[in-house]
Amino acid sequence: MFPVLAFLVGLPVLAAIAIVLIPKSRSELLLPVAFGLSLLPLAVAGYMVWTFDTAGGFQWVESIIWMERLRIGWTVGVDGISLFLVALTAFLFPISILASAKISDRLRGYLVSLFILETGVLGVFIALDLVLFFVFFEIVLIPMFFMIGIWGSSNRKYAAIKFFVYTAFGSAFLLASIIALAVNAGPVLQTVSFQWNDLAQVPMTSAAQTWLFFGFAIAFAIKVPLFPLHTWLPDAHTEAPTAGSVLLAGVLLKMGTYGFIRFNLTLFPEATVKYGKWLALVAVIGIVYAALVATVQPDIKRLVAYSSVSHLGFIVLGTFALTLSSVQGGLIQMVNHGLSTGALFLLIGMIYERTHTRKIADYGGLASTMPIFSGFFLLAVFASIGLPGLNGFIGEFMVLIGSWQTFPVLTVVAASGVVLSAIYVLWAYERVFTGPPGKANKDLEDLNSREIAILVPIAVLIVFLGVYPKPVLDRMENDVNAVISRIEQSTNYERPTFDLEGRLTVDVGVPEQGESPSGEGSE
Amino acid sequence: MIDFIWLVIALPLFGAVGLLFFGKRIGEPNSGRIGSALVVLSFFIALVAALPAFAGTLEPENVLLFEWLPALGVNVSLLWDPLSAMMTLIVTGVGALIHIYGTGYMHGDSRFPRFFTYLNLFIASMLILVLGDSFATMFVGWELVGLSSYLLISFWFEKPSAAAAGKKAFIVNRIGDFGFLIGLMIIFATFGSLSYSTVFANANILETGGATVTAITLLLLVGAVGKSAQLPLSVWLPDAMEGPTPVSALIHAATMVTAGVYMIARSAALFSIAPVSSGVVATVGALTALFAAVVAIGQRDIKRVLAYSTISQLGYMFMAVGATAYVAGVFHLMTHAFFKALLFLGAGAVIHGMHGEQDMWKMGGLRKKMPITFVTMLVAWMAISGIPPFAGFWSKDEILAITYGKGGAWVVLWAIGIVTAGLTAFYMSRLMFLTFWGKPRWDDGLEPHESPRSMTLPLAVLAVFAAGAGLINTPFRLSLEHFLDPVFEVIKVAHPPEGSTPWILAGVSVLVALGGIAYAYRRYIKRALPVEEGPRWDFLEEGFGVDELYGRTIVLPGKAVAESAAFTADARGIDGLVNGVGGAVKKLADAATRLQTGQVRSYGTGMFLGTVALILWLLVRGGAF
Amino acid sequence: MSELVVTAGWYMALAALLFSIGAIGLLTRRNALVMFMSIELMLNSVNLTFVAVGKELRTLEGQIATLFVIVVAAAEVTVGLAIIVAVFRRRETASVDELSEMRG
Amino acid sequence: MDIRVIIFIVFALAAVAGAISMVLARNPVHSAFGLLLTMFSIAVFYVMNGAHFVAAIQIMIYAGAVMTLFLFVIMFVGVDTSDEAEEHIPFQRPMAMILGAGLLILIVASGIQAWVNSRALTGRGSLGTIENVSDELFGTWLLPFEATMFLLAIAAVGTIALAQFAFTLRSTDGSDDE
């Protein structure tokens, strides 16, 4: 079988090499070539989405053990949980490259960083070997560090170092936990193994689960980021170049939420059931707190950054609520947040190129001078606050409806985020776009065709996923079900049932929640 | 059989999308015409689909369009029953008229096509709201009409007040949606489904008056209160008048704001077994009706009078559905849609004719300048004041009669209703007298003129309905009730008391209304115009300072909390801690660099020190000492 | 009274003494050349133990090790002295105390 | 008394004397001669232990080549005794003394310890003739031997490079940071 995933991850590396090989005298070719090459992984990802078997399970699995004694190797695969994160990654990179047309300083290095970043992110989402996962997890740090540190704005060094140290701090916990996990499972497996498949079958004592659960959780919580570990994000976002912000919000943060589902939920079911509520609590605090903080931010990029923290809280809440709808909602919210927040950062980048300011107070009345821009902005803004018909609603709605049964109080508090998000977003929109245009903003040019071309694909997806999310949800459903079923099998946790279940006289029309439809759940 | 009903939504949606992209190219008159034509078309499709309902042979039918959220069992599917049919007809019918009116009213606006984009979007959203067959789709429509409302209120966004009003409307609505959303969570947790058919068919399993159903209905009420601008979330509607007048007529009078009533009527199966919630609904309605009617008296802006009047009338509807008189509530919803749309459009015509003047104290004597507007307004005035046989009389009296008929504490609500009826007659008369009678008080050089045909035609049509629509549900002939029978067949709907009581009650309310009109006549026509100025009137004009109260008690403290969170807790607290840790590490490192003297012999000393220590340790460990 | 015989222990004691003297020299002298000589002395003392113990254990490996040490020491001296010369050319001194740019 | 004891005592005294004089001598040339004396003594010990080849190498490489190199560099650098006048790193000398003494005691202690605890091994004992040593060196230890070739080559290249760079750097940077 053709190694699709190796090909997918290898393509950006090849692209980076190709970029290096372009002679200095032909540097005008850099961007077009990079853009063209970045479409290749997208094509592969598109093929994967198209041919993905909705029955679920890992597909396109490749497994080559490299160190037999430690069972470390190239083991990769994609299931319904990672499929759309892979697709989102492949989708956002061409867009980021297009959005970088104004970068002139060390463009070659910039593009190489982007491609290495893409390899790292794709690798994180497909790795089924914990060491491999960790390697990719760390690879991502380096290009991002340079993107913020070299191509960022005024306070970039501080932000880059903060970003790096924060995440490296989390990674230390991750590495220690991975090793402890493998060693701990050694006696049962009769060998040390870093294979996800092996480890997922090993029963663990609750003490071990607790320690490892929190070890993984700290690393992922920093990446997500969860309150109170979030302060690197606003700085990183504010200082990063546009593409950096887009990718940071779009895919890098998802590595944390993905990690929660892939590792915490699957490997430590007992601890998940026991301690999930604490993470949900932190997530909900984050939702409200970050929304409040966002309200009064004077810098538009910081505002969006805080809104990210708030939105990601929903994902984590849904993940630990452990119902089909909530986990699935969290998962699709990852994609949706990537699109809508990505679009917002792109838009902010475009206006920054024109005005060279990010201060909300410096804007005003842009809707009259830049109608197309404001139209796109409005779309992205409403997608991000979860307006039905746009993608943001799907995830938020599923998470909230699904989480109520597990965490009623937390969910109510989380739902107040719906109000708060409307407040900060619309207030910012009001200050930036409405009113009479100020002197400085009178002669701004509206978006040119390149910029529109960047935004249209995102806008189309935003609307499409909002109206017809079924293709996406179908591909996720069985694997999400499998994750929850695993937890049910290995702990005394049971999916909440409905108050009136069994007494209803009219069919409810919901797929049976107790069992996974395809029987995928168990081995 | 009625699969084609999706066209009703699709046509205006198509219009919205098409006009969004090509509106500018299509240009001024045509984009309006296309927008209007699509809504007219969708009205006629709805009419065809509703024919069986008129014949009484309509079986409620679900039309599945596509699956939406399988995990929640939510589909995009439509429910076509008499209630949704009636709402669809009102929305598309009144909507079509207002579209046509808009082509005249918005003439010359630089963003003329965009206006129709938004209007079409609104119609589509409102139809999703009323046609959806589950709470989820209703919620979708619910939010989407909020979006259209936001876009249309702040249509003239260069005006800071308009932009602020749009934002306020959306946010206040979202507060209501918050309650609605939690209601949905409980519904799903209880029934495992959000679709009407499952929920309502199983509602009887729930304990009557039990905690679950009470919680669900109260939370739904929060949503309804937000959307229908009832107390305490009424503050957004008067500000919403910043939008163009057709918008006020369509969204903030005839259709969107009645969504709350529709929702409660739709959820009748739940509300009818939650007596506490129903009581709350009725009380909220009655208090809002009275409050808004009082405030309306103090308004100088013609549109704000109507805005408060709308709030007040919505209060009546809440009273009705709270009294489990769902048919009466929906009936009043319908008549109100006609006469209030008419009033707004008339007011719009006046404003249009007065070149944007909205202050009634600067009008007067307009009846000769705008005869058509005047006559149609006259009809609406009679209708809202409850003078038989105009539409408002029948619907309002049915509500009052039912409320009275329930006895007990409900009589208090009835009394409030009667007082409100008198106040309504008074402030509407005040509006009419100040605008159309008396001497002209226009600004110099103003030449009021009658509006173009495109504006007067909808006025005339609406006037016909405002006059006659009440006849569909009179004590003599309960057509509407029979029409809606299939919807409420399993629910105990309250009816007016039997015998002569209703006639006496009707007499009382007519008398009160006439009294209101008479007092207004004396105050504003017979004598010299009174001076309505001073702090008390200002207080009244500001709606008893509710806005300011919220500003002081919620907005400002909220902002202070947010600021302390952002600039103290986050920047200094959490980030301070983070940077503190970083700083401490750096200090430690600085201290450690002191050891790095650069003197190679010092390093040597350290090395040998280590060697000695190591050997010592090994020896001790080896048991040498 | 037993006959006095030179055993490996004697050599080791001597080597220890030489090693310590070398260490003291390394720490007290600041002339880079003398420090180098001290290092050579220490290396030699270790070589002595290799050879002596190798004889005691009846193996040639001690001698082989000594040969390697000599080779490495020769290489080290070459490079080290070249560095001293290079430094001296710039700084006109062979005192290591003057060379403290790497202090923190 | 065994002649070997006498030889040992004589040359041990010579070695220690050479070492101490190397450390104490102000003049680096004297130090070098002290070291030379020690190396000769050690070569004698090699012979006493049957390591004839190593002894020869010791004389040729150390006493010959290395010490010559040292003297050559001393001549180049110049005999500078002034900077040895006072110690300015605090406690450096006492520390050095204590450490030297401590090292001596501990090494001896551990030597005794090892001697007492280990049992004697019987190896392939043979004389360190050139033949024997080369058998071993080119047999068992061929690979490390080859590796030293790289080491020496690198050292040679490094030395040449240092000599080169020292000239180029001198012309560009004359600053004195001290």
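Per-chain numbering from 1; labels A, B, C and D assigned in written order.
We adopt the following convention: contacts are C-beta pairs under 8 Å (C-beta built on N, C-alpha and C of every residue); 3 or more make two chains touch, one makes a residue touch a chain.
As the structure is a prediction and not an experimental result, all values here were calculated from the model.
Colleague: Based on Cα centres, what is the most central chain?
Modeller: A
Colleague: Once you find the CA centre of chain C and the CA centre of chain D, what distance in Å lies between them?
Modeller: 4
Colleague: Please tell me the distance, in whole Å, between the geometric centres of chain A and chain C computed from their C-alpha atoms.
Modeller: 60
Colleague: How many angstrom lie between the CA centroids of chain B and chain C, rounded to a whole number?
Modeller: Each chain reduced to its C-alpha mean, chain B and chain C end up 93 Å apart.
Colleague: Calculate how many whole Å lie between the centre of chain B and the centre of chain D, each centre taken as the average of the chain's C-alpha atoms.
Modeller: So the centre of chain B lies 96 Å away from the centre of chain D.
Colleague: Quick one: which residues in chain B touch 2 or more of the other chains?
Modeller: 597, 599, 601, 605, 608
Colleague: Residues of chain C that touch two or more other chains: which are they?
Modeller: Where chain C meets two or more other chains at a single residue, that happens at 23, 27-28, 30, 97, 100-101.
Colleague: State which pairs of chains touch, listing all of them.
Modeller: A-B, B-C, B-D, C-D
Colleague: Touching residues of chain C toward chain B in the complex: what are they?
Modeller: Contact set of chain C toward chain B: 23, 26-28, 30, 35, 96-97, 99-104.
Colleague: Which residues of chain C touch chain D once you look at their complex with the stated criterion?
Modeller: On the chain C side, the touching residues are 3-6, 9-14, 16-25, 27-31, 33-34, 36-38, 40-41, 44, 47-48, 51-52, 54-64, 66-68, 70-79, 81-86, 88-91, 93-95, 97-98, 100-101.
Colleague: Using the touch definition up top, name the residues of chain B that touch chain D in the complex.
Modeller: Per the touch definition, chain B meets chain D at residues 597, 599, 601-602, 605, 608-609, 611-612, 615-616, 618-619, 622, 624.
Colleague: Help me check something: in the complex, which residues belonging to chain D touch chain C?
Modeller: 1-2, 4-5, 8, 12, 15-16, 19-20, 22-23, 28, 31-32, 35, 38-39, 42, 45-46, 48-51, 53-54, 57-58, 61-62, 65-66, 69-70, 73-74, 76-77, 80, 83-84, 87-89, 92-93, 95-97, 99-101, 103-104, 107-108, 111-112, 115, 120-126, 128, 132-133, 136-137, 141, 144, 148, 151-152, 154-156, 158-159, 162-163, 165-167, 169-170, 173, 176-178
Colleague: Help me check something: in the complex, which residues belonging to chain B touch chain A?
Modeller: Contacts found on chain B: 66-73, 136, 139-141, 143-144, 147, 150, 154, 157-160, 162-164, 167, 170-171, 174-175, 177-178, 181-182, 184-186, 188-195, 197-198, 201-202, 205-206, 212, 559, 561-563, 565-567, 569-570, 574-575, 578, 582.
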